[in-house]
């Protein structure tokens, strides 16, 4: 891709824990083009949050990172902290799962917004204030002028998430990382927030990484999806290919385990047996092999690497890929 | 039905091994010091020590010698012997007073946190009254009224500790009582007593115990301060505080008379705090659970 | 406004009202809900957070006192019961919570936790208790020999939920209230637990009240579904029928909002319907009217009653979709 905005190359994150070394991110390669949306899907503990922190360079102090993170032509690992800080918030913004903890509870919404804008854009107070009002209106907050003087706890969860998005968008970032932005919200609010993110993304031609555990969230909204399991990207493909011609048994099992609205009640779900491996005790072979119904001898002794399917954009890590099939 | 693939066996082993490693040298020094202090305090009568109250006016403020290992004090009494007998008093008061506090304060706090309502307001209100009372004046009043004795001193310090223990117990009960496992027990039809004793107490006990060890440390210091002011144990019984107080008079000629008991107190208090912190970290069940 | 479902309802909730004070203001958590659950049936109860669905579940068990209304379990009015009689009745009704880790006492061993209901209900013989506990633990897919002596933190969320289910089953209850039992679990574990619940339902002949916010999950386990909004029932009906042709605009909105894991289903630009008002000051008339595209003057003045819109399907709306 010529217009790659962000690329993660062979990233490895090790966290020392009392149980031993925890490999949170295991040789991950990713790329996001300008204006594109990459969905990262995985269950809790699969390393998706650590991956987003790797991109933001906000890893815990004791974490050891190797590999390369190229953003807009700069290697973030080699950037001095001062420049990195300027980059974050300015061109690299983030929206977290819980807006209650990501907003400062003792500052008004206005203060938080205006300070962010002033710090990065060097506007005077009146201009920054005006911009804040515009932003709040853009993210669908009614009566934005009055909201500036309110505190986060005076707003509902959905409104708080809108404020968090307004703060993230305030400096026209090139890349927005949305880390489970709707997990804490109700389903009707979730739809509104996802719509808002999609709309603002289009308007600003901003790239987005949408991290979620819900395949349904990325299905209609991401250009490309990466499925993570036990710290590794196990399948990566343009969204239609991932849902229709998946190669990785884990992707298939994950999709099958979702209750379907069009299935009759009391239909037994094809559950994935067992649970993900302990990240401090990595398996020799494929991490999914103990739970995989296609697993063979080879899967438990050898780690499959990412290989391309028909198109070079579709990658998977499996010795026994599911044959291309026509969707039901 | 998929049976569970439990591979927990080796994890448990690893956890045990880790515990041993995590304790560190400092903890073992603290334990060693505690064992030493407790041993000499308990077996003081069996040790070949000179009497702590026998005066020898010819050997006042004598330096270290084979006869008097730590020398003698201003009245010619053996310093080592006084230090060891003083440890007895400091430890008795230091342990018994927090026991009063943890029992009464812990029980009140748990009841207040569990039942809430008017009872809670009453308990918290009366504790605030107790806290508002200047502790030194209370101690002074009680000793003036009931006379100076170890028993009275322990009781005063114990009562003064109740509000703090109550607060610790109430705070942890409040958060625990809202947890689902308590509601689950209620849904099962468990009685209040059963919920308090079986579900809540084991969880409240640990923060209380950690606070208890801190309480011991604080009480030893407070007892020292009271004895230093002459409000503590009646003479000629020695406690570390009164020894520091007596040593103050001869700071220029024999500073060791004040410093030796001060160092003993410092080390003991530090050891209690260290052990308390380590124990809390060790017994937290969430430790090591990722 | 009663809907008759079967001749033999195990649980019947009549006009239940639950209110409680928060900071001096009254929260109208449940405002006049009537429900019936037949023996052997699973009723799904859906709604967004703060709609009162969990409060309703707890009020059934008398863990929250109702202001008015009745809860009839097998013909006995639980709201009128106290002390021992209530305690005996509670053994026939059990509760499973959303957060499986928080609902296990962190300082007690699994064996003790699962045996606790037996101790409370007076099974004195430890050998007999152990036998029952071992049976139930194996039934939920845990090895009693491996699990019994461990503490809750040694288990993952899914395993803890299995333990909670075992604890709920140990007294052989007739009725289980599942309060968001899979919301805290990962997708791959969620399916296991849902299947386990179905399996246990068949094996122990249970009746379930399944409370959740995820419609797809609710549909997969429920015979009938009730939709709640701000303390009132909007719609009740057989699951398939309700999902195929919702009568209440709120039900339709909920179904619309579910993200579908299919890239061809472009997410419809959702109707910008704002957020639910606070249950401290619910709107007059129909409580959904502030977000409803069909609302008119009548919805402001008149509270819609639950009435039949199709066989077995009831909706509380002045302008139903069918």
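Each chain carries a letter (A, B and C) given by its place in the written order, and its residues are counted from 1.
Simple rule for what comes next: a contact is a pair of C-beta atoms (placed from the backbone, for glycine too) under 8 Å apart; a residue touches a chain by one contact, two chains touch by 3 or more.
Computed from a predicted structure; not experimentally measured.
A.B. asks: Have a look and report which chain pair racks up the highest count of C-beta pairs in contact.
C.D. replies: Going pair by pair, the biggest contact count turns up for A-C.
A.B. asks: If you take the mean of the Cα atoms for each chain, which one ends up farthest from chain C?
C.D. replies: Between chain C and the rest, the longest centre separation is with B.
A.B. asks: Centre to centre, by mean C-alpha position, how many angstrom separate chain A and chain C?
C.D. replies: For chain A versus chain C, the centre distance works out to 32 Å.
A.B. asks: Counting only Cα atoms for the centres, state how far chain A is from chain B in Å.
C.D. replies: Taking the average C-alpha coordinate of chain A and of chain B, the gap between them is 50 Å.
A.B. asks: Quick one: report the Å distance separating chain B from chain C, using the average Cα coordinate of each chain.
C.D. replies: 49
A.B. asks: Where in chain B do residues touch at least two different other chains?
C.D. replies: Answer for chain B, listing residues that touch two or more other chains: 2, 11, 288.
A.B. asks: Got the chain C residues that touch at least 2 other chains?
C.D. replies: 159, 192
A.B. asks: Which residues of chain A are in contact with two or more other chains?
C.D. replies: As it turns out, chain A has residues touching two or more other chains at 271, 273, 275.
A.B. asks: Under the touch definition given earlier, write down the residues of chain C that touch chain A in their complex.
C.D. replies: 48-49, 156, 158-159, 186-192, 194-195, 198, 213-217, 219-223, 239-240, 243, 253-267, 269-270, 272-273, 275-276
A.B. asks: In their shared complex, at which residues does chain C touch chain B?
C.D. replies: Against chain B, the touching part of chain C is residues 58, 61, 63, 86-88, 90-91, 93-95, 97-99, 102-108, 116-117, 120-121, 141-143, 146-147, 150-154, 159, 162, 164, 167, 171, 192, 196, 199.
A.B. asks: In the complex, go through chain A and note every residue touching chain C.
C.D. replies: 43-44, 140, 156, 158-159, 186-192, 194-195, 213-217, 219-221, 239-240, 242-244, 253-255, 257-261, 263-273, 275-276, 291
A.B. asks: Contact residues on chain B for chain C in the complex?
C.D. replies: Residue positions touching the partner: 1-4, 6, 8, 11-12, 179-181, 183-190, 194, 198-199, 202-203, 285-286, 288-289.
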